[in-house]
Amino acid sequence: MSDTVTISARNVVKAFGQGAGQVRALDDVSVNIRQGEFFTLLGPSGCGKTTLLRLIAGFEMPTGGTILLDGADITTQPPNKRPVNTVFQSYALFPHLTVAQNIAFGLEMLGKPASEVKARTAAMLALVKLEAMAGRKTSQLSGGQQQRVALARALAPQPKVLLLDEPLSALDLKLRKEMQIELKRLQLETGITFIFVTHDQEEALTMSDRIAVMSAGKIQQVGSAKEIYIHPKNRFVASFIGETNFLHGKAEAGALRLGTGERVEVPGLAAGGEATVSVRPEQVRLVLPSDGLKATVGALVYFGTDTHCHLHLADGTEVVARLQSPATGEAGLAQGQAVGLRFAEGAVQRVED
Amino acid sequence: MSPAEENAIKTSARNGWLLSLPALVMLAFAATGPLLIVVWYSFLTANDTGNVIHQFSTEGWVGILFTYDIFEDGWVLADAHLTIFWRSVWLSLVTTALTFAIGFPTAWFIATRPAKERALWLFLITIPFWTNLLIRTFAINEVIRNEGLLNTLLIWAGVIEVPLQINYTETAVLIGMTYVYLPLMVLPLYATIERFDMRLLEASYDLYASRWRTLRRVILPIVKPGIIAGSILVFVPSLGAYVTPRILGGGKNMMIGNFIELQFLQGKNWPLGAALSVTLLIIVTAALLVYVKVANRDRGAGHG
Amino acid sequence: MAERGFQISRLPGFATVAIGAFVLLYLPILTLVVYSFNASNSVAVWGGFSLHWYADAWANEDVKAATVRSLVIGVSAAFLSTILATLAALGTTRRRAFKGQTLIYVVINQPLMVPEIVTAVALMIFFGIIKVATGYQGLGYLIAAHTAFCLPFAYLPIRARLESMDLALETAAADLYASPWQTFRRVTLPLLAPGIMAGAMLAFVISLDDVVITEFVKSGGQDTLPTYMLGQLRRSFTPEVNAISTMLLAVTVVLLTAFFLLTRKKD
């Protein structure tokens, strides 16, 4: 991975429909994607992640803004002129062609000599371990195998960027886990920039070099998995990636004054106005009532490895603590019991609303 | 919208038109365009030797309902024409009713077969549907004519001694039209019943409805769009029928289609024939518009 | 296996009526087919199996000429209407709705809505004028008329096929460096082929079946098989007509079976 920018989207806007019914699928999106990185666009459905991918592929034209590939403006270039290939959500394998013919398609369209087409196709079949299936029709393959053909087909022309539109969503959980590892391996072996679209936060966290969290047509935050999980920029990012507790109150110097009158230390917080902080459930510790924020135990939900303890502060604010389940399975807490709450060091993160 | 987007939309619309253009030209030349000439001809003067004299006249239109009486020297109501119109409408309505009475149970039967069998039963309905109308009319003729299958069997069985005269009666036309248009009723009914949620029947029986009330209160209201579609599909071609009444009805039991032909061939009254054609076209279009309206309303109500 | 107890979807008497309907649909056709193999001259008496009437029809120069004419018109009309319908289907599906699209649908489907007798009369008048003006009396008029009324029949299966085709396939082709023409040639056309074949077959069957429009448009000596049969009926009814009907019926059944196999959805 280098710092060279491969794809750069600048102030991209994409609107669908007109007049009052107009919807902005992308609202002034700017992002730089570096050469050789595994970059993920993560967000709920309708956030604009697929639209951004389709604009990069050239399937749609932006309403405003530009898209650069290696510094050259490709905004209005048709898809067949862009050195970018896509793995489609539905795979879009040509049903009238065999596995090998599907993989060779792009190379043939580029006018590569027959010998090269043959050699590359064979190499790609080997890469995705489908040598035995070369002559099969794609309808005779399993979902996982079709997925591999789609990958091989898109990688065969050696694109500068590979776009993957929720490619794993049609697979069952076990196969999905296998393919996640497979994808990561292919990316490392080929060194091609991958832009991966998903709504699955776990998938994004485990596979990506960097993640762009999107919502309502905007990029909310770009960063590595750790950066985004530990330092979420706003409420949306904090709640979309993992689970979290929000505490709201008056901002004082270095602390937050809750509605109960108690103080929570927030290093670096400046006095004035209101503020919200996020604390992950696994960073909540239960102590004696006198040693922390006063709370009452509410519902206890057993999850096997851990137990979620729903707690209520004096003003009614709910805080969830994730406690490792003891060997007996009994957390040793009773509903209505008074406890104290403390947060692990560095766990309290200020977030924008 | 960016210029590139606008361009893409314009190009797409232009290509849509360009690709459709050859078909549209062909249809304008050999289907839609000539209809306008018929409208024009309906306002010209008849030429007794055939064709028309290019002189404006409304006699073609007046002639639909009235006929010139040379003895009274005035226009009188044309009873013969009214009889033909009435027969056309009446026979078409009865044909529609009969095809429904036979077609609904048939469509229901097909739709409630196991999925694997269904395609076969449906195929059995579509073969007659695509078979030459003339051949099917010949076929029914083979059954009902005096020396045909029906009479031969009845005489052999001793039920009758003299063959029943069915051919060349209105009954023959009715039997023939019911026979040839039955698939047109079954197919749309089947399409609607196939989508009918059979669990609604369980709900209906669960709520104490009898079979008869289930049919009337649950099934028929829900499959109504199919009933309307089938009725229109049968009524429209029945009204314009030509081959079936010509072969089975003989000269006496003419319908509008045969009456139109008569004006152009023996009758030598082209403007009247043209006016009758336009009238038939208007009735058929009205029926289709009613269908489109009802179909849209029912779709809006959540069916279909 | 006997079914016992209350059958939810069974309605009393419906199965009986349905079976009756199938018998009624096929009995006349079977009668016609059986009579066509009847050796007896009198259609009321079964004189044993014979191909006599087929031989007669085959030896009849008028029947031969009408057969050739029917085939020439049918093949020409099927060919032309399928090409025009394919283009129109490509123009009217899978693109952003554009102004006038509904008008195009209405015009293309218009032959399905106008009573045949009305179209027949209209074409007789219009082509009559052209015949007088140009002096040309050939089969061109019949081919044009057939092409027009076959168009919606060719259009519907092609359009259905296009609409059920995954748009992503063509997007994928473009993504893999295929130009718009290459995409059409290498992806769209091969996938559309069954729809085009089905459309052509339906158009051919429809052309072969037409009697009313042909009867009004044809010039002297331009009988097709159906108009020849209609003419025979005016004179005397012979089993020869049954023989011709049976042969036409066989062609229709073969083509329809092929059509169903082509358009059948794969599980």
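Per-chain numbering from 1; labels A, B and C assigned in written order.
Definition applied: a contact is a pair of C-beta atoms (placed from the backbone, for glycine too) under 8 Å apart; a residue touches a chain by one contact, two chains touch by 3 or more.
Being a predicted model, the structure only gives us computed values, none of them experimental.
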Across all chain pairs, which one has the most C-beta contacts?
B-C
Taking CA centroids for every chain, report which one is farthest away from chain C.
A
So what's the Cα centroid distance for chain B and chain C, whole Å?
18
Need the CA-centroid distance for the pair chain A / chain B, whole Å please.
60
Can you compute the centre-to-centre distance for chain A and chain C, using the mean CA position of each chain? Integer Å is fine.
55
Okay, in this complex, where on chain A does chain B touch?
15, 18, 61-64, 75-76
How about chain C: which of its residues touch chain A in the complex?
166, 168-169, 171-180, 182-183, 186-187, 190-191, 266
As the complex stands, chain A meets chain C at residues 57-59, 78-81, 84-86, 88, 90, 92-96, 105-106, 109-110, 139, 153-154, 157
Chain A-touching residues of chain B, taken from the complex the two chains share:
1-2, 4-5, 8
Enumerate the contact residues on chain B facing chain C in the complex.
9, 12-13, 15-20, 22-24, 26-35, 37-38, 41, 51, 102-103, 105-106, 108-110, 112, 119, 123-128, 130-136, 138-140, 142-143, 147-149, 152, 179, 182-183, 186, 198, 201-202, 205, 211, 215, 236-237, 239-240, 242-243, 247, 256-257, 260-261, 264, 270, 273-274, 277, 280-281, 284-285, 288
